[in-house]
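Dropping a structure here in structure tokens format, bear with me for questions.
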Amino acid sequence: MNRQTDRGSGDTGRLEAFSDGVFAIATTLLILEVEVPHVEHGESLWSALGEQWPSYAAYVVSFLVIGIIWVNHHQVFGHVIRVDRKLMFLNLLLLMIVAALPWPTALLAEYLRGDAAAAHTAAAVYSLTMVAMSFAFQALWWHLTRSGHLFHPRVDPEGARGTRVRFALGSLGYPATVALAFVSAPLTLAAHGVLALYYGFNQVQVPARQDPEAPRGTRDLA
Amino acid sequence: MNRQTDRGSGDTGRLEAFSDGVFAIATTLLILEVEVPHVEHGESLWSALGEQWPSYAAYVVSFLVIGIIWVNHHQVFGHVIRVDRKLMFLNLLLLMIVAALPWPTALLAEYLRGDAAAAHTAAAVYSLTMVAMSFAFQALWWHLTRSGHLFHPRVDPEGARGTRVRFALGSLGYPATVALAFVSAPLTLAAHGVLALYYGFNQVQVPARQDPEAPRGTRDLA
Amino acid sequence: MNRQTDRGSGDTGRLEAFSDGVFAIATTLLILEVEVPHVEHGESLWSALGEQWPSYAAYVVSFLVIGIIWVNHHQVFGHVIRVDRKLMFLNLLLLMIVAALPWPTALLAEYLRGDAAAAHTAAAVYSLTMVAMSFAFQALWWHLTRSGHLFHPRVDPEGARGTRVRFALGSLGYPATVALAFVSAPLTLAAHGVLALYYGFNQVQVPARQDPEAPRGTRDLA
Amino acid sequence: MNRQTDRGSGDTGRLEAFSDGVFAIATTLLILEVEVPHVEHGESLWSALGEQWPSYAAYVVSFLVIGIIWVNHHQVFGHVIRVDRKLMFLNLLLLMIVAALPWPTALLAEYLRGDAAAAHTAAAVYSLTMVAMSFAFQALWWHLTRSGHLFHPRVDPEGARGTRVRFALGSLGYPATVALAFVSAPLTLAAHGVLALYYGFNQVQVPARQDPEAPRGTRDLA
């Protein structure tokens, strides 16, 4: 007879707090991959530091990648007011991949300058992780736009659904980097830096309902 | 003569924030267990990566486990409005076990493919940690339902007490995995993945008071 | 001519959020100290795990210590509504010691079963860190009670000042553990566990103003 | 036809939460740089601990540096109510440098007592990181004061612009430490400690509009 109080709704506050925590920790753990070089007496520390450039490059690119995903995550969840189980699982899946990023980052930094086969492998693993992340994000967006009722009322569900194809097309860059991995590992890393900047400037757009008479309210919610 | 201002009540906000922090960090530290394999010139990095599959499997299962405990923790504390000392200690105990999970995860990943005795030992330690976690969560729920006054007024204390046996029965899966550990370590890990998904879909249910005339308020609080 | 807007006041929200972050991360990093033992084929993993008991004991005690400091920190800042520079620096000092705790914890775990001299040294360093933490907490409390104006109006500043001596006497347990370190390292660790529990049950008490006609408001603020 | 809801505005809440997370984690990871010394039976642990003084000094200075940047970040964002893309990127850049600090800290601790050339190199890298951090903070402030419209209405944009030169002059201490690095590594570390304390006592000042008739409102916002 008792109605369950925990169905059909839910707040996004703690989900966002938990997600923010994972994003912040994953970015900060990236630095553990950059080692303190060991030089013997008389050897140059400058050149030992210089030889570590793949570590610095991988740190910067992965930091940008996680930072930009966080921005887009933030952007999307700013329009979500209800959490259902599927959304919760898809978000956990996304976080599981984000939290794993320090590992392919360390792998790529380690093998970027190694022999060609290992470098290509490491770059492919890095790219595949990004493909998985992109898929998880798209699955999350697909679920949100299909159900629609998880959005804030200001969101136009039809318009949101309409963004899915464009969003999917925009994500084709990630599979392409898997192919690129077998051409050049450094170019692959550079491509991921460019993709991160691209997504930084082309964030997920959540269309608002047309409501010309209440421009202020809509703007406040943006 | 002065009344103490710090008894008999307390807010759940910072307790939840601290707990969220521990959950988020424990999940994110899991990746440190996955190593960058070392291959000599000419060896295949792909096969070295492939041999590490226990690390990936342990990462995924432990991430799911912590993620789902977090969801259930979130669920329970959404109905709590007061914190007493015992609740605070039981919560600290739960967090102490959650924060320790990266260690049995690394242990199981290390010995999953080792000789049988070591694999069984590592799997048993992993399972025992989960038993301890399950006990801590149940002790917390037992305390909440026994005292009752820590809940939000919308919660039906009688109904909540009634969930305890079902909840305890549902947790019998964990002791069973300790026995399973001495049969097969990989199966034990798989069983924990299945249990996590089970608890993801069968979360702690907090029964609401029957109040047919105020459906909206109740729903808002869910 | 411009008045500076950033003097004489300040919110405690972000200070508490930053502090909570440091407390949560410091507790969670403790597990990195517990190693995965290395056993050769045929050796018993159980006995290798058993030999590591100082690591588990040190983990539990340090987790309790940080957890209880967090509770007391939370308790005190629940009555603070303004932050001045000195409070900010004293809080940073406290956090600097809390964030350092994983190190003496690892040190004590490493040398607890070593030769006597090293064990005593490690225990003394552990105890000295706790003395430093206790001093930082007392300096913070001393500053709050002396200035008085940083408290919420419900706090009785006279009564708060009156707690200082009792609070200082209660902290004499920490210097005593430094002496105990030269007697027995395991006893020292146990003593810190007992002290943590003691402070868990005897938290900092913030006296309220006497105001018999508004009991509800005062209780709400507790 | 649909207006995009995600342009021209944005809330600072999650940006601050993410930043706080990165600050808190970066400070707490610093302790991982301090090693547990290895002593053989009969060797003195005290003297082994004493030889590690550069690690403790580097920990304290870097903790102070990050703590003080956090305070100033907090101070500035307390007056910001809108986030545009450029601000978001400049903030990510600042966080990328803050999150990297455990690495130059470990580098300096490792080589501070090494041969002169390595010590100077490590100190120079540490100082250059601080220069980069100072530049990122100034770029962020420059952007805020130039655009002006991201500030809370209480902020005097003219006055804020006027602080830029003084702020830039105050940051000349960082490039000077790069030169100092080639004189003495320990002095360089000490100089960074002094600079951190200086910025702790001379925080970024955000000038308020002159509004003598509403002193209370302005004070509340400080």
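A, B, C and D label the chains in the order they appear, each numbered from 1.
To be clear about the criterion, a residue touches a chain if its C-beta (ideal position, glycine included) is under 8 Å from a C-beta of that chain, and two chains touch if they have at least 3 such contacts.
Note that the structure is a prediction, hence the values are computed from the model and not measured.
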item	value
Furthest chain, CA centroid comparison against chain C	A
Equivalent interface positions on chain B and chain C, same or different at half	different
Rounded Å distance between chain A and chain B, as computed from the means of their C-alpha atoms	25
Distance from the mean Cα position of chain D to that of chain B, given in whole angstrom	36
For chain C, residues that touch 2 or more chains besides their own	17, 21, 25, 29, 32
Chain-level touch network, classified as line, ring, star, complete or other	ring
Residue ranges of chain D in contact with chain C within the complex	16-17, 20-21, 23-25, 27-32, 34, 36, 39, 41-42, 44-46, 49, 59-60, 63-64, 67, 70-71, 74-75, 78-79, 154-156, 159, 200-201, 203-208, 210, 218-222
Parts of chain B lying in touch with chain C, wherever the complex brings them together	1-11, 14, 17-18, 21-22, 25-26, 29, 32, 85, 88-89, 92, 95-96, 99-103, 106-107, 110-111, 114-115, 117-118, 121-122, 125
